[in-house]
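In what follows, a single structure is set out as structure tokens and then discussed.
First chain written, first letter: the chains are A, B, C, D and E, and each begins at residue 1.
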Amino acid sequence: MSWLTEFPQLSRRDLLTLRQTLDEGYRSFSRSYGEAIENFFDPLLAFLVWFENLLVEAPWWVVIAAILGITHYAARSIKLTVGVGISLFLVGFFGMWEDTMSTLSIITVCTLISIALGIPMGILMARSHRAQSIITPVLDIMQTMPAFVYLIPVVMLLGIGKIPGLIAVIIYAIPPVIRLTNLGIRLVDKEVLEAADAYGVTPMQRLFNVQLPLAMPNIMAGINQTIMMALAMVVIASMIGVSGLGQPVLRSITNQYFTLGILNGAAIVVLAIIFDRVSQSYAKRSQRYMRSGS
Amino acid sequence: MSWLTEFPQLSRRDLLTLRQTLDEGYRSFSRSYGEAIENFFDPLLAFLVWFENLLVEAPWWVVIAAILGITHYAARSIKLTVGVGISLFLVGFFGMWEDTMSTLSIITVCTLISIALGIPMGILMARSHRAQSIITPVLDIMQTMPAFVYLIPVVMLLGIGKIPGLIAVIIYAIPPVIRLTNLGIRLVDKEVLEAADAYGVTPMQRLFNVQLPLAMPNIMAGINQTIMMALAMVVIASMIGVSGLGQPVLRSITNQYFTLGILNGAAIVVLAIIFDRVSQSYAKRSQRYMRSGS
Amino acid sequence: MTSPLIRIEGLYQLFGKNPQTHMHLVKAGKTKDEILAETGHTLGLKDINLEIQQGEIFVIMGLSGSGKSTLIRHFNRLIDPTEGRVIVEDEDIMELDAKSLRNFRQKKMSMVFQRFGLLPHYTVQENVAFGLRAQGVGKEEREKKAKQWLEDVGLAGYENQYPAQLSGGQQQRVGLARALCTDAEILLMDEAFSALDPLIRSEMQDQLMALQDRLHKTIVFITHDLDEALRIGDRIAILRDGELVQVGQPADILLHPADDYVEKFVRDVNRARALTVETVMKPPTHRIDAKTINDALAHMRSAKSGYAFYVNDEGYQGFVSEENLAKVAKEKGKEPLCEDYYEDSFVISPETPLEEVIPQTLDHDHPLPVVNEAGELTGELSRDDLVQVLTHTPTSDAAGNDDASEDEGTAKGTSKEPPAA
Amino acid sequence: MTSPLIRIEGLYQLFGKNPQTHMHLVKAGKTKDEILAETGHTLGLKDINLEIQQGEIFVIMGLSGSGKSTLIRHFNRLIDPTEGRVIVEDEDIMELDAKSLRNFRQKKMSMVFQRFGLLPHYTVQENVAFGLRAQGVGKEEREKKAKQWLEDVGLAGYENQYPAQLSGGQQQRVGLARALCTDAEILLMDEAFSALDPLIRSEMQDQLMALQDRLHKTIVFITHDLDEALRIGDRIAILRDGELVQVGQPADILLHPADDYVEKFVRDVNRARALTVETVMKPPTHRIDAKTINDALAHMRSAKSGYAFYVNDEGYQGFVSEENLAKVAKEKGKEPLCEDYYEDSFVISPETPLEEVIPQTLDHDHPLPVVNEAGELTGELSRDDLVQVLTHTPTSDAAGNDDASEDEGTAKGTSKEPPAA
Amino acid sequence: DCGRVTISNMNWNSAALMASIDQLILNEGFGCDAELVPGDTMPTGTSMVEKGEPDIAPEMWSNSMKDALDRGVEEGRLRYAGRSLSDGGEEGFWVPEYLVEEYPELATIEGVKKHVDMFEHPEDPDKSMFMGCPAGWNCQITARNLYNALNLEDAGFDLVDPGSGAGLAGSIAKSYERKEPWFGYYWAPTAVLGRYPMVKVDFGSGIDEEHYINCISKEECLDPEPTMYPPSPVWTVTTESFASEAPEAYDYLTKRAFTNDQMNELLAWMEQNQADGEFAAFHFLENYESIWTEWVSDDVADKVRDAL
């Protein structure tokens, strides 16, 4: 009996028909609605372009100064500020300033959008077991469905450029912040919540005054991972038209310029470390109570 | 003054020399040591090949039965076991059995290695601020340095195939479990630790009986992310010759067979969900106390 | 009686995975231990029926694990009962929707938790202001109020510390201040003073009682300290294994315990402090309203007592003894009794704790008159009565020494013989 | 005196970020509040010097926040002092390396935490066995022992529950069982009974004392309950704002408080229970060792007392009154005093709590003889002495009524006049 | 007048060079506002067909997505402007030059088969490795068919999938650096073959273009016969809208083409200088005037020259 050794499969012909029908279906869908969907994203695109130009075209020292300012405001750590300054300067010194600014612009936007969407999603998940059991597999899909699979469909719909890149990055980068917000909120001490409830807090107060602050360490871990994922997608995004550090990386690989790849990779890492350190020290500063434990 | 608008860069010539020297340096390194390094990994390679063959060549129903057995043992949930059975069957039914088994074999090994290395690293990090401040940037590099950057150097060193794929996957997938183990341990209630200390626990008892069990929710979140990352790397790994579901995905992208891509992507997702659900319900089962809170 | 502020009807609480399926065991009268052993479910409360009046301090006592905290948690619906109703101001709080419940919790009740329940990420002051914040009170006002209350509980100067930086008792006082800060009508206090030292504790008790006097708050108070319960409680409820065994006024419980359990429970209390004169005095048997000295003498003689309390329409007048009156009877037998013939004697008021009248009572061979604020003689307190009450024999009639030593398992030195020849 | 088991020398603890830099303020004698206001650092302990003997129950008391928990945490080095030394069995525990410290904690000390410190992921039984597990005791043995202790603290049946499923007092008992289960020599108990009801609490006290009697453990006990302190404590230390204000035996502290603070602290105690006869009895002034009845009578007359305690070489013999002896003096004046002439009288033993002898003392007009186990007359206890001690006037000499009412701010009914005409 | 133009900037050197040349010439010579858009072959091609963006793909190996491009042309969305490599791409099975120097017989397929044991398989010691073409590329089909036609399997070879172009290049680099044997599919002109000189293995069959088109390049080729690869068409592809809106610029694109020799020279220069497209484009425009002036009218050439 063949099924003992061979998996009972859909016949090759059926599989082919199935594939073709679906492919064709999607193609005609994208032709009819692509335009509309594309227009929908126009304002975002305009903003992305504006923001990228701002960073790329502003004098480099203005940009560095601004970044250092933000760093200092957020982290209040001289050491960190100096470190950020030096690494940004090195990035420029090795001739990667423009690419770095392009990447910085898109990643900033992606990260902010991911956080802005992710935290509420995480909250929703924490609030109901139903939501959790629906959202979790979706997150699994978002994280493991290879970007390559949806890259082409997205390109068919939206063309090549920043918007599909942004979408791909967000799809991939958003799950950690959602998951860890959920986890963090679920781990909040029941006794504390009960006390808050006893004073009749509104759901909003409960969330903003109790759950989120106490879930902060986990949420920050989620944000950290989201930043990491977003930056990890830089190269893939550059495959569909997002300019920045991804391109030289791809070039280095096809042409086997190791050093070029490593330099550009290092610039990505520098961005990652800056993003991460700044956000983490900001969070830590707002959690003073944690250090005062006995 | 040009530096006001132009970044003071390394001159093109210097940069070139630098790049060429480094490239050449790496090339000669790989020339002299590649062989030895490659040999070092031979046993692992042999194991990987053996394990893949085991999964691919064993009759499919034996494999499914084994997986269901593990699932049931770990999660003790009929619902989950049935779900896993159905999805595995569908994967086979759509003609992806072999690729799925290849992917399953390498991802299982990667995940296990990541956990086996990652948790101790996380523990180390939690134990000392020094270790934390050294390891954190390394993790940042591992997560954001694009795989593409080190793919070719690794291939030059080790050739294409499973070993470089495994290394790339682990480099990318290990950070979450390290980070969240660290976080989880750091969040353990100080009062509980103090109580344990007062009874003179050894560092090992402290770790295994108090810190790790109480950090479990976070560690499991880390393992979940590690699994997700590992599966997200399937396609990249297939770029350097790791067989499995990544190759059909790459094929689908170059040929615009969306359905093919989605089917194979879905098979990856199925693996992700199986891995994740099983590990999470195993963990949850061992944390009964969490549900009994008032 | 007006309708009660809080009414609990047929309340059951069974903890575990499937409380409903095991309720029949509870109803069938199985004990808590049996249910735990058979089903793994813990019986928290069993058929509680209770009424609490507006303005009273209602104390709940009982062994550890008897369900006190569980019961108090039902009052503001922090847990839902397995069965039964909780009615506050004629409203079944089980039927409140989320918003009304919130409102109810904000305005009606505030709670001190046994394990404090402070918010670790807020400073002490923010913690205290938390209830007000929930009510939407403005920052300035709530800070002012919080500061005030912090001072009242003796924590001025700690405003900006975090809970983890405080000692246990300090944390408890933060929880206390938080509850008092909200001005809620009903205070739920779960062992609110348990971590306090006696000085601060009695200060807090005073404050609480003053507050209650002033604002007529209703207070539900759990405590393990019988002295405290007797001191501040208007009524006391005693729980055992989730069942209500007795509800009553402090003296009631002390003097007429419903069963052995309650009796054991109250045995160790400092009666001298807990009981007032009222609760142990006897009716004034030596009361006379004779008009003349002779009349009085006749009275005393027939009663075979050597003294009497003279009372007229205006109330208690004075203490007279046969001996002294007899001396003047010959000359002035017909004259009316008046101040001149009264003797020095203490007069005690019915609300005074026994403790305070011990010396006087013991000093006098005759009973002391008990006179209320209106000046009426309401009773008399004899040395014997006092001694009897102070020596732990609530239910027996006569104050026998043997009784006392039987009662006290560890009694050592009450033998009539010298311990060693 | 043998060398003490635990010796604390010059211990300082300043909480905050930079304790060292602010130590000079502490040394300069600034108060806790000043230091807090100026530097944000909290003074936990200040120059503590203390010795605890092997086998004693040493009680630490003090206001909430006075540093008790902080002090006890130094004993097993859960926190390191800012300055000072802690010496246990002649070993400075600050100098132990990690391994010896571990060993020391496993074997020498076990601790009950104020906030319980249970392991939430372990069942009750596993929690109790935790100390043994740390010591490496085998599973079977530790389970057996844990079960035994759980039963002893009254939690049989709850073995497989998790701490979150228990009531506060039950959790505390789990912590207690855990500490007792390890057989450590030294027990550190931080408000170990605070969440217990009076019944279980006194049971636990009894168990603790029995244990101590049997195994001569050294126990450091923090409590807020003075009755408890007086009952179980061999010595009591009183802390205020991190400073040690008095260390002494219970009766010492009760009767000779070092300052106002301590006096206030002990004022509310139930003296009748706390004090033993010994501590308040007077020397036996009415002691006679006359050989004959006449001698005895002569003695009594010269002392102007109507009675006497007759004592010979064999110790206390009996109570005699002038009245009765006088009756027989004429006929048998020369005969030696013997049983025939003794009168019924209570004899009390010096260790008995006052409470137990109140009725007898009050019943008799004359003082009662206090006789120790060897049969010797060691003192006498009069009604007046008793009343004086029971009415809160530890330092004043005479037990005046006025005194009492002045002392007690809330006294109501002790006026000599009727409250209303 | 030619307006905004987007040029696909693919990540291998020849494509990047052409993209930059086009950008310079269109901007300076035709007054366009040309912009480079990064992207891989597939997304770029798809986007051109479906969304009409980017406008120009300077180096499109049409075999790699033949169906899609042909359909795009059919539907009037794309145009093949002209060959960008006039000789066409060179495909074949290659062995490293140093091997052939040692074993001259390796230049033919029979020689390779004879030395089959030399080509070690990394995962299976019983077999030898033949490195095929990455999954999904058109060449995967042709390489497989030729592998069958040449009976390489019987000879002991196993067709190994390198996974990606990068994997393929990496495996060449690895073997070359260690002077190990390597046998597999590759194409030229490429930076890799520029750096690592290889010898194309002769199948001894000559080119049978008809058979190649009808069978070898088809998935369902039942009876493959050996044939050398015919030159592979490499196109400049533009969108229909660009072609119709900027006919002059389009006209330039129809002419812009390199021979393989020219391109190899340029690639070698780029390789040597690790030059990016822009830098190389300047180098080209400055030093190879004779070539590019052929592509444009004189006044355009002047404008470009002025701008340099």
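Note that a contact is a pair of C-beta atoms (placed from the backbone, for glycine too) under 8 Å apart; a residue touches a chain by one contact, two chains touch by 3 or more.
Note that the structure is a prediction, hence the values are computed from the model and not measured.
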Smallest number of contact steps required from chain A to reach chain D: 2
Chain separated most widely from chain C, comparing mean CA positions: E
CA centroid of chain C to CA centroid of chain E, Å: 95
Separation of mean Cα positions, chain D and chain B [Å, integer]: 62
CA centroid of chain B to CA centroid of chain E, Å: 35
Multi-partner residues of chain C (each touching 2 or more other chains): 115, 161, 164-165
Residues of chain A whose C-beta touches two or more other chains: 151-152, 190-191, 194, 246, 250, 253, 256-257, 260, 293-294
Residue numbers of chain E (touch at least two other chains): 42, 46, 166, 169-170, 173, 274
Residues on chain A engaged by chain E in the complex (per definition of touch): 27, 30-31, 34, 38, 151-152, 155-161, 238-243, 246-248, 250-251, 253-257, 260
Chain A-facing residues of chain E, complex: 9, 11-13, 16, 37-40, 42-44, 46-47, 50-54, 165-166, 169-170, 173, 191-192, 195, 271, 274, 276
Sites on chain B touched by chain D in the complex: 189, 191-192, 194-202, 205, 209-210, 213-214, 287-289, 292-294
Chain B-facing residues of chain A, complex: 4-10, 12, 15, 18-20, 22-23, 26, 59-61, 92-95, 97, 137, 140-141, 143-153, 172, 175-176, 179-180, 183, 186-187, 190-191, 194, 217-218, 221, 224-225, 228-229, 231-232, 234-235, 246, 249-250, 252-253, 256-266, 268-269, 271-273, 276, 293-294
Chain C - residues contacting chain A, complex: 76, 78, 101-107, 109-111, 113, 115, 117-122, 130-131, 133-135, 161-162, 164-165, 178, 182
